[in-house]
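Structures follow.
Next, two complexes with chain A in common: one pairs it with chain B, the other with chain C.
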Partner chain A sequence: MTDNPMLNEWYPVGILTELTSEGRDTLLMGEPIHVARDAGGNPVVATKDGRCLPVRARYGHVWTSLGTPAKELFDIPEADQPGRRLVDVGVVRVKCSPLRAVENFLDIAHFPFVHTDILGAEPHTEVQRYEVQIREEVDEVWATKVKFYQPQAAKSAEGGITTDYMYRVPAPTVSILYKTCPPRPGEWDVITLFVQPMAEDLCQVWPWMALFDDQTPMTDLIHFQQMIFLQDRSILENQLPRLLPLDPGMEIPTRADMTSVAYRRWLKRHGFTYGAQLVAA
Partner chain B sequence: MSSNATCSDMFTLRGDLGAPSFLPWIARHAGRLGIIGRVTAASADEVSLLVEGPPDLVDAMELGVSLGPIDVWVESIERESLLLRP
Partner chain C sequence: MPQNWTAVALSRDVPPQVVIPTVVEGRELAVWRSQSGRIAAWEDRCPHRGMRLSHGFVRGEALSCIYHGWSYNEAGLCQRIPAHPDLVPPDAIRVPTLTAAESDGIIWVTAESTDRPPPKMPGFTPLRSLTVEVPASTITAVSASPIGEDGDLRLALAGIACLLLVQPLPGDRTALHALVAAGTSPTAQASVSRALEDLRHQAETERQAA
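So, the complex of A and B:
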């Protein structure tokens, strides 16, 4: 695994406010690691044989890498914007490829069928044409001008609205969703999916949000997002093949899958193949 | 446009296309979609491909080819519409 470019990427391994001095054991790409808080209150991460790993404390989470990251952790400027509520949603363990978890988050077409009467509803199933690009200057996948009808786009939404979306993939196991902010037109709510790859077919998902919503109790915001993700989990754990195919093979991508295809192309170009199936089944 | 409409497009693919797996892969993928995908010229860095079928499936062919097999890198696809018949 030494020539695996994904070793040099940043990954979430815990929630900052839940760190203890005793710490806890977990896995990162098959490697046992220990995540704890030192005497000064700073997060520390080490491998089982005592090697200290690089650490960042950002977006409510502890980030680390098994290698030597060439880039600093990606930026989410909205995290520092006054007036936003920052929500650590918690963790969901999913028996699926970490890349599958990200791809599912990028998929709009499943909303009416998996998140029925919340993020989508029949007969509003058509995904209108949108734009996808790899922004070379930042080396990120972006999908813009995405529009979709949603019966309840957010906890704060009253009634159905056509929601505008943007999707961004700044790292192989991170996706950031920008969506219409019901209480504050002109701003975007930010909902992220931070994925910890534990093994090629096992991951922990740490959703995190930066919202303009002064009304909804924090527990309701968390429960809403957890409910959405738990609906996805049963789908993710039953997908075949279990790893994300980089050769379309038996899967036939269509226009609605443009973001998924761009994500797979970006993974392929960088050799980010941990959790991927390289040859069609 | 009627649902039975057919379009005929010429795809010019550019990239690192020299792997022997690529041309058979194109034929297989077109077959799965049930459309025509005929290679009219091929080199290690450019492949010309005539694609005929319903517009949505021709779009699907473009998406599939943009990903391609693992040993091929399709950098760009130039698409030229030849005709559209109802």
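So, the complex of A and C:
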């Protein structure tokens, strides 16, 4: 792990509103860390041997890095847009590679089978062609013009609609989803997946949302997303091998998997291989 | 001659349209029965994204992966990718299959190619399966009975002749598929079943003491 580019990335390690002065212990890429708030209420993160780590307080979460981040924490402009409700969904611990958790989030083809009658339903299983690119100027993976039929796209949706999506990967364990916003046509709801890599085959998933929805009670919004992620967990803990195979041959992608193909290519290009396996076993 | 068939379940425990996970010679498998009653044993992994097929679902004569619904015909060939309903999947997308066969109410699997049919257990009728948290060697030690070449361990339980088909599992666990003498009354079968649980308890206690 000495020459591991992922050490220099930012990772979520807790929810800002849940920090205490006693703090709590957790793991980041195998390293025990302590997350707390100081007397002034600011988040502090330190390793077991007392090394203070860089900290950012953003998007409802505490972010830190074990190395020296070359880039500032990625920007989500929508986070500051007036009228949005910001939702800290909580944490789901998953016994899987942090990279597999992100890849699953980028996938729509599983909706009818894993999130049956919620995010998808047979016979509406077809994935139309969409566009994927690695945007070199910002060094992010983007998928656009993604469309899928959904029986209940969001808590605020009534009945089935074809939902438009965009996906964005600004960091190896972060994905941001932009999705049709039922009450406000023309705007996008933002749903993120922030993943804390605890080990190569263990992670904590911290979903976060920035929605235009004045109606739905907060607990309902949280329960809806938690239900979705618990359904995903039943998949993620049963994939073989546990680590994400970056070399072709181990798994077979189709056109619906273009985002995953680009994500894997981007990970490999940057040497983001914590949670990946490079040689087909 | 070493036996190459492993008993993995009682036939009645895998009814039509059911899939179960098991392990034979260290290989993780999905054993499933089609609507028409055909039994099959496949590698427990969808070639698309590596999801366990034992979490999947059976429709007609095909097994489908629960992740994206890719379905595989009886030869293990992918026949449908729901994300692309008009696509004819290439033959390269296939699940490795093993040989499964049934004999007298027991499902047998072999990882080798063989002309030899699965063993017969004349005079016995299937009772139940159970998993014990000990290696097979502890079972033989506790029951003071050796394992025969068909994986069969013969002993008396509750005074009735029984036969245990021994299936070694990873992590020092063992599945036992129990048969009793044909014609044993339901009451006596219940006594055998309790004696079997006593045997399990004894073996697991032995193991903890060791």
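Operating definition for what follows: the second predicted complex is superposed on the first by the 281 of 281 C-alpha atoms of A that agree within 3 Å, B and C clash if a C-alpha of one lies under 4 Å from a C-alpha of the other, contacts with A are read in each partner's own complex, and residues count from 1 in each chain.
Here is the rule we use: a residue touches a chain if its C-beta (ideal position, glycine included) is under 8 Å from a C-beta of that chain, and two chains touch if they have at least 3 such contacts.
The structure presented is a predicted model; accordingly, all values stated were derived computationally and were not measured.
Of the two partner chains, chain B is the only one that A:L246 touches; chain C does not reach it.
Of the two partner chains, chain B is the only one that A:L278 touches; chain C does not reach it. By the touch criterion defined above, A:T254 reaches both chain B and chain C. Once the two complexes are overlaid on the shared chain, A:E131 sits clear of chain B and of chain C alike. Legend: residue contacts after superposition of the two complexes on their common chain; A:R265 is shown touching chain B, with no touch to chain C.
Put chain B and chain C next to each other and count what each touches on chain A; the higher total goes to C. Comparing the two complexes, residues 250, 252-255 of chain A contact chain B in one case and chain C in the other. On chain C, the positions that touch chain A within their shared complex are 28, 44-45, 47-52, 55, 65-69, 81-85, 87, 92-93.
Residue ranges of chain A in contact with chain C, taken from their complex: 109-110, 112-114, 122, 125-127, 234-235, 238-241, 245, 250-256. Taken in their complex, chain B has these residues touching chain A: 25, 29, 32-33, 56, 59-60, 63-64, 66-70, 73. If you check the complex, the residues on chain A that touch chain B are 246-248, 250, 252-255, 257-258, 261, 264-265, 268-269, 278-280.
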